[in-house]
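Next up: the structures, one after another.
Two complexes follow with chain A in common, the first pairing it with chain B and the second with chain C.
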Partner chain A sequence: MESDTPCDDGYTLASLVPVVAASAVQNACKLCAPLGASLVFKGIAGGVPLLHGSQGCSTYIRRYLISHFKEPMDIACSNFGEQTAVFGGGANLQLALENVCRQYAPALIGVATTCLSETIGDDVPMFIKTFLAAVPESARPPIVHVSTPSYQGSHMEGFHRAVRAVLGALAQGRGGEATIQVNLLPGLLSPADLRHLKEMAAAFGLQAMVLPDYSDTLDGGQWESYQRIPPGGTPLQDIIAAGNAAATIELGHTLAAERDTAATDLQTRCGVPARRLGLPVGIRHTDALLQALAEISGRPVPDIYQAQRGRLLDTLVDGHKHVNTVRAALYGEADLVAGLAAFMAEIGIHPVVCASGGAGRRLAPVLHQLVPARQHAGMTILEGADFATIEEAVAGARPDLIVGHSKGYAMARRLGIPLVQVGFPIHDRMGGPRLLHVGYEGAACLFDRLANALIETRQAASPVGYTYM
Partner chain B sequence: MTSIPLLREREKQIHDKAGGAPFEMACDRHSLAGSVSQRACVFCGSRVVLYPIADALHLVHGPIGCAAYTWDIRGALSSGPQLHRMSFSTDLGEREVIFGGEKRLYKALTELIAAYRPKAAFVYSTCIVGIIGDDVAAVCRRVEKEQAIPVLPVHSEGFKGTKKDGYKAACDALFGLVGTGDTTDIAPVSINILGEFNIGGEAWLIRRYYEQMGVQVVSVLTGDGRVDDVRRAHGATLNVVQCSGAMTFLAEQMQARFGIPYIRASYFGLEDTAKALYDVAAHFSDHPDVRARTETLVREAVAAVMPELRRIRAVLEGKCAAVYVGGAFKVFSLIKALRLIGMRVVLAGSQTGNADDYAHMRALCDPDTVILDDANPLELSRFVVEKGADLFIGGVKERPIAYKLGLGFCDHNHERKTPLAGFEGMRNFAREVHLSVTSPVWEIVKQSSFKC
Partner chain C sequence: MAISAEYKDADGVLEGKDLEGVRRRLLEKYPPKVARKRDKQIVVNRVGEDGSVPVVMSNVRTVPGLISQRGCCYAGCKGVVLGPTRDIVNITHGPVGCGFYSWLTRRNQTDPDSSPDGHNFMTYCFTTDMQDEEIIFGGEKKLRLAIQEAYDNFKPKAIAVFSTCPVGLIGDDVHAVCREMKEKLGINVFGFSCEGYKGVSQSAGHHIANNGIFTHVVGTDDAVPEGDFKINLLGEYNIGGDAFEIERIFEACGLTLVATYSGNSSIEHFARSHTADLNLIMCHRSINYVAEMMETKFGLPWIKVNFIGAAATAKSLRKIAAYFDDPALSERVEAVIAAELPAVEAEAAAVRPRTEGKRAMLFVGGSRAHHYQELFAELGMKTLSAGYEFAHRDDYEGRRVLPDIKVDADSRNIQELEVHPDPERYRPRVDAQRAETLAAKGVDFADYAGMMPEMPAGALVIDDISHHETEKMIALFKPDIFCAGIKEKYVIQKHGIPLKQLHSYDYGGPYAGFKGAINFYQEIDRMVNSRVWGYLKAPWQKNPELAAKYAFE
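This part shows the complex of A and B:
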């Protein structure tokens, strides 16, 4: 529905070119830590996230996530008032936990702190202990606490910390029946990606514990009646059994460079060997994941993946001239950028700008391993970057393509460079949760979209109006 | 569906006639911890009000979240500068939390003002600024002196009250600008439009009406807003306040200091739009030409949209709607607007209504309409199903409730891109409701299983 007011004439982004500033962040390319933690808790069966902070924290995060996932996103809040900030948040957290239990009957509550509760120094583990002591054991859901002040790291730190906290609190040590054979810690991927990874593990006959698994909770079907908590998610008993698994696969190139992660914790505490791989984006890293699954299961790679791989390679051959030597700018979470860069290296796309809002300082060394040495000189790597900085670099590099989430649209539009939307958030297109990035099929989807964006640009620019391209 | 329990502490904020209780609403209070309120915080209230001022710098002082979540999310259009669509944050880190953020704020302000040359700067305090004790006002005063533009602190720490307190903090900041500009060319028949944020170009529509009536619009606060217009707003002879929850504070301050009276208005629906324009004409009753032009305008505008509204009404007659939005005044208008297209409101509620608002809402609704204050998603879900709504009118957070349960939906929040105010806006509203309610998709989703 278009408006018939003069708004469209004045509606231009051209007058809004950001200027790089040293002391302020302009148009952030990151979100705050509690968002990442909320996403993890949404991926646990019967899980309800509870933010210990102001009402706005949960409401803003809910709205941001809803706009991407288009699913109900109940995130509770202890709702600080002035009194709370002065006297501490114990009473509010207590009440919030009670109310969440009464309304949602959750299987797990994930309490994530915020900058407010961290700054006033609330002792959240103690509050939780007090709460649990007053509740009869039968009515007591497990409560996991994760420290996520928004002044420390980005949403990705919040995400990984929450995964670590959940396993740290719930996974039991060796002993008992090994119901889970492999733990899969995928990182921040789309629901479609999570489904694909689960299918992969199942194809090897492996019982996998995928954490988080919001493939159903945040990409579910229609409801005949309202669900207090959307069905799906990682079953609690699987998380408890994670310490008995034969291996933990943790995905993410830069995460693999971290010393302590959820996977290393499990290795140290329960002796579950950690296999730390890059995101399986593209051929080689999908090969590596399938290889790992083959070794863990003792079974060969199922035929279906040979077929998918064959189709992918055939697609890459068919379209190789569209993409070879093309120059692209990538931005987003460090691990997604690294994964995309690795795939691009396989098809001849030069990642001339690789940017992340996170300041993990792991992206550069990782990219130098993944991208051919001859391209290093022409590659600008930005960490802790905002969109003003990214835009300056992209404007200088003049790539043929920009690849990243919706928040780079204004930049792409100003620079007149096509944007291929991937990752999170997708706020300006349908289907964000269904975008497939991983596996051979994900690579084929990505390849088609990259090549088609280039073809479309050439087609539109041609005065001839070709119907064959 | 009754398996969704209501929280005991919330029972007095839910009025369901089916219960037979006398009408009494315990509203205007802090949200209940753990209840998943649809409200945001003080910061949000301030950000909403000031956001559309397009030639000002809006700097959020705090860690990154608050700025990131409010970057370019509103449909508030500008006819010129677009600075309001940028997101600026001091992105406080651990270092500032320990040692204070004043230095960083000073540097950020100085640098950004030098780079963008705004007409004024607003500095929003977020939660932790109130805790770490930064003297934001002092930094603002210093930069104001050095840069020679108004630099206004907005006391919007998220936890210091509710969204309404954020409105008030924004009005306080605006009031620091009002009265500092030149008013020489302002006619006696002149108004300010308050509480109109130019979502999808609504302020332009409304301004055009007033100009057709022969009424000069001095300033729109804050839709398509400019700092210089705010500064000379005291030159108008009447304030017309929409979204009264947000900007009555400013109208009252302007009345006290400048003696400018104010009236309330709503531009949603034909009835309320016409009433708003006639009320303004009545205020200028010593200019009978204004009244005459208003009559012509309303007659022609209503005639232009009525045929289509009648066609839509024929399709929607008898359908039921749930309305849950931020402000109670919008609910009043929507009840009437829905009635015009044949729809009955079975659930009505708001985030920020007060006791008078709910009494009025009760009077406007059917006896069996459930009324909710500061509701949560489970309550809304339970009642839209119980009451058999076909349509939900709300914002982004209400949309998935509607869609999961198979209801049509109309976004009436600030993220929308379509003007729903004024006479043309009523037509757009009716079209959007029709578009959603009549989709064949609702029939398909009702077929719950495969038919072989």
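This part shows the complex of A and C:
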């Protein structure tokens, strides 16, 4: 196992790795902002997302999310026409809100903007106020507005902005009953990941508020009877009580490098201490999460995690020969890439290309802390990259493995390098929502898949066809 | 095989349910104004002696807040019509999402090896990925660079630019940029003002795409391809390989396909498509504009065909043969039909005992909700309810209603090109007298009868069905299969009812032509008779007393 040597030179963030600047984006490696926001609103119990703009965006975003989650995905829209685009979308938003209330009786409506309503500069908070004023108090659902112009950020910015907007609008200050002990802001993870994290908190006896929690709403069973809104999601009263929690755990290495986030907001506003950790992918960062939970709960780490950790290490030792000194290319959301790179470093895989479509400018310094210093020189870090740029880097580096989502398939195929699919979106394989990335068990799953991909490749290339590799 | 068969229920009753009551149930949750609007889009089918059917309000704006199946103008232009052409570099001018979401998501197939240069850009997605700076200062500069870059990297024959919503607002002149770059690069570069807010659905984008191809591409190459019976196939997008199957049949019949709009197509095919002798229209909604304009400018007529369903395929082939009126061709066509049909009929006979009497609902697109009723009829299944996502009244009621259609404010700004006969190249393929003789033989030029005259009376026709109404229909009728798209798929299946995607075909296809019919029969058999639905309840849920007894013992 590699030792963790943090990067010590005093670089400035932006100068270290320039964000890729090209005029055209060829095969983007990012999605748009309202998609991230919609995902957050889908993770709130009784929540209905509503996009303020023209219907194409909501349709595209629905179909895209559905192709990954394979679950119902209702996203309403205020349905701009040419007139609306000229005169503003106030009336449309009112009508949309009214119709959503009537059809769904939602516990919460999340309004996210599209590029269109942002470009014309609609005053959405004012529209919402007008709407609410006309509704009897008893019938008013909470409405959360988040501004999500995609020309300012990708789906991850939309996601984090929405989490922040929800807590900003609903979480009340200190005072009430402390029904929630810990707030857990996981970031964009799979439903399987969310379930795993909830189990962890529960194992410490903690009442946790996980936001968003689409582990049921986007990975549910068959319906015995008609469900207007799929069951599950973060309960509204838990979000309201978030200000009373003992701590907020916010996951994501690059997110932790941001100045203002949902967790820092809660800290400033309600005095809830923010603990900002990396994604718990691999050993060290799962350790860190469990330790944080132990401290917050005042209880020791439950035995099951000791056992899972033991099994993981046993697996790593057993399979070490398959992965050691292997070179991999990673792409996807910055925080997932950072989490994966940290895990790779633990098992002896060199992440030779680390790429993200987002242009957050935080990935490079974070990676330099997570990956041993002697690998830095051989590591290409790309931010704001499209697949044309990523492919060039990967072709140059000739790694043994590529790790990322479905959109890298064409690249992997052209280069003849095996692709292990992780993260989002996964639409050409089954089971994306059930992929476990986090915790010791997630690490073991990832390890098996990485090692097996390597074994399979070697097996297929062998002229003999050995079954002991 | 005719689709139409009167349902046995009494008038106004479908499967024992009073249809007025059903309509009320669909509308009751809506505010009065919304209900009044939707009321006109939900119609009980009745077919008069003369084939007349009730009016269906359609091609109107979806009410904000109702979750619709519809996409936007850009989706219709870039995604549907231009997307399937392999050798045009399509650049989406706008923020990243619109381009990303339309990146090869429709399962259009293509065969790059059939073009000499082997160009295929369909697996690529180019966008200008507009940032704040462009929204504020304009995006023309970035677009110019993007076109240059695409040219430098790929040396394509043509580049097309598609505007998304913000572009129209910030006032970029994409057409001027395209003209400038066309001049500079010496290749065809053209733009589409297909901002998503235009029109009410994809339909506006189809029209804009038709106008653009016609203006910038059709007729730019006068070389006449070899072949005696030259045809174009319009409105066939090669989802799941449909166009490949149709091409196979055409070839066997000795028909020369000049261009398909736009499945498995190359821009070169469009350029010389005006040299063909006949246009065949599959999807009337998305492509009739180009057919009309080609007729006016170059004189080649169009007929409606349908290659979905074995009987429909045979009928369409015979119609083509009748048009060309050549004994050798007719003989070949008959030989092909005779050779292909037995296998299809054998498969239908094998499957039918398991599908007979099952009930389908189809809500999709602008032609498939009609065409696929053929295949279901061949399986002995009946269509309880159907509707289109973005069609117009003529697609429901037939082109006979065209003069009565009122264009509303949402569609008024979609340009109708003014087209005149080409002074040199206009060549009417049939004169008035021959047209009459052919019409008598069933070659109905420039006509589409529409979906409703071929549907059973008593079926429910719903235009632009909302998510809410979909769920109500499922709950009320519990059909054996529901046909729509991926957005509807998983909500329907939560109710234990299989959903067949008729946009992307799930992962299957082809379903067109003879081989396609066989595929479809097998697929529907698998879906309506799948065992998985039988496992929905665990044994202890099915028999709670038993479970309790064990616990007690």
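One rule holds in what follows: the second predicted complex is superposed on the first by the 448 of 469 C-alpha atoms of A that agree within 3 Å, B and C clash if a C-alpha of one lies under 4 Å from a C-alpha of the other, contacts with A are read in each partner's own complex, and residues count from 1 in each chain.
Here is the rule we use: a contact is a pair of C-beta atoms (placed from the backbone, for glycine too) under 8 Å apart; a residue touches a chain by one contact, two chains touch by 3 or more.
Please read these numbers as outputs of a predicted model, since none were measured by experiment.
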- request: Please indicate which partner A:D74 is in contact with in the superposed arrangement: first for chain B, second for chain C, both, or neither.
  value: both
Message: With both complexes superposed on chain A, which partner does A:T59 reach: first (chain B), second (chain C), both or neither?
response: both
Query: Between chain B (first) and chain C (second), which, if any, makes contact with A:G416: first, second, both or neither?
result: neither
Task: Report for A:T84: first if it touches chain B alone, second if chain C alone, otherwise both or neither.
output: both
Query: Of the two partner chains, chain B (first) and chain C (second), which one does A:L50 touch, if any: first, second, both, or neither?
result: both
- request: Once the two structures are superposed, pull the chain A residues common to the chain B and chain C interfaces.
  value: 22-28, 30-32, 34-35, 50, 53-57, 59-64, 66-67, 70-82, 84-85, 92-93, 95-100, 102-103, 114-116, 119-120, 149-152, 154, 222-223, 226-227, 407, 410
Message: Touching residues of chain C toward chain A in the complex: what are they?
response: 29-31, 34, 61-75, 91, 94-103, 105, 123-132, 134-135, 142, 145-146, 148-150, 153, 164-166, 168-170, 195-198, 200, 409-410, 413, 467-468, 471, 475, 485-487, 489-491, 494-496, 536
- prompt: In the complex of these two chains, what residues of chain A are touching chain C?
  reply: 22-28, 30-35, 50, 53-57, 59-64, 66-67, 70-85, 92-93, 95-100, 102-103, 114-116, 119-120, 149-152, 154, 220, 222-223, 226-227, 386, 388, 407, 410
Query: Which part of chain B faces chain A closely enough to touch in the complex?
result: 1, 4-5, 7, 9, 30-44, 59, 62-73, 77-83, 85-94, 96-97, 104, 107-108, 111-112, 115-116, 126-128, 130-132, 158-162, 200-201, 204-205, 376-378, 381-382, 385, 395-397, 399-401, 403-406, 417-419, 424, 428, 431-432, 435, 445, 448
- prompt: chain B touches which residues of chain A in the complex?
  reply: 1, 3-7, 10-13, 15-16, 18-19, 21-28, 30-32, 34-35, 50, 53-64, 66-67, 70-82, 84-85, 92-93, 95-100, 102-104, 114-116, 119-120, 149-152, 154, 222-228, 407, 410
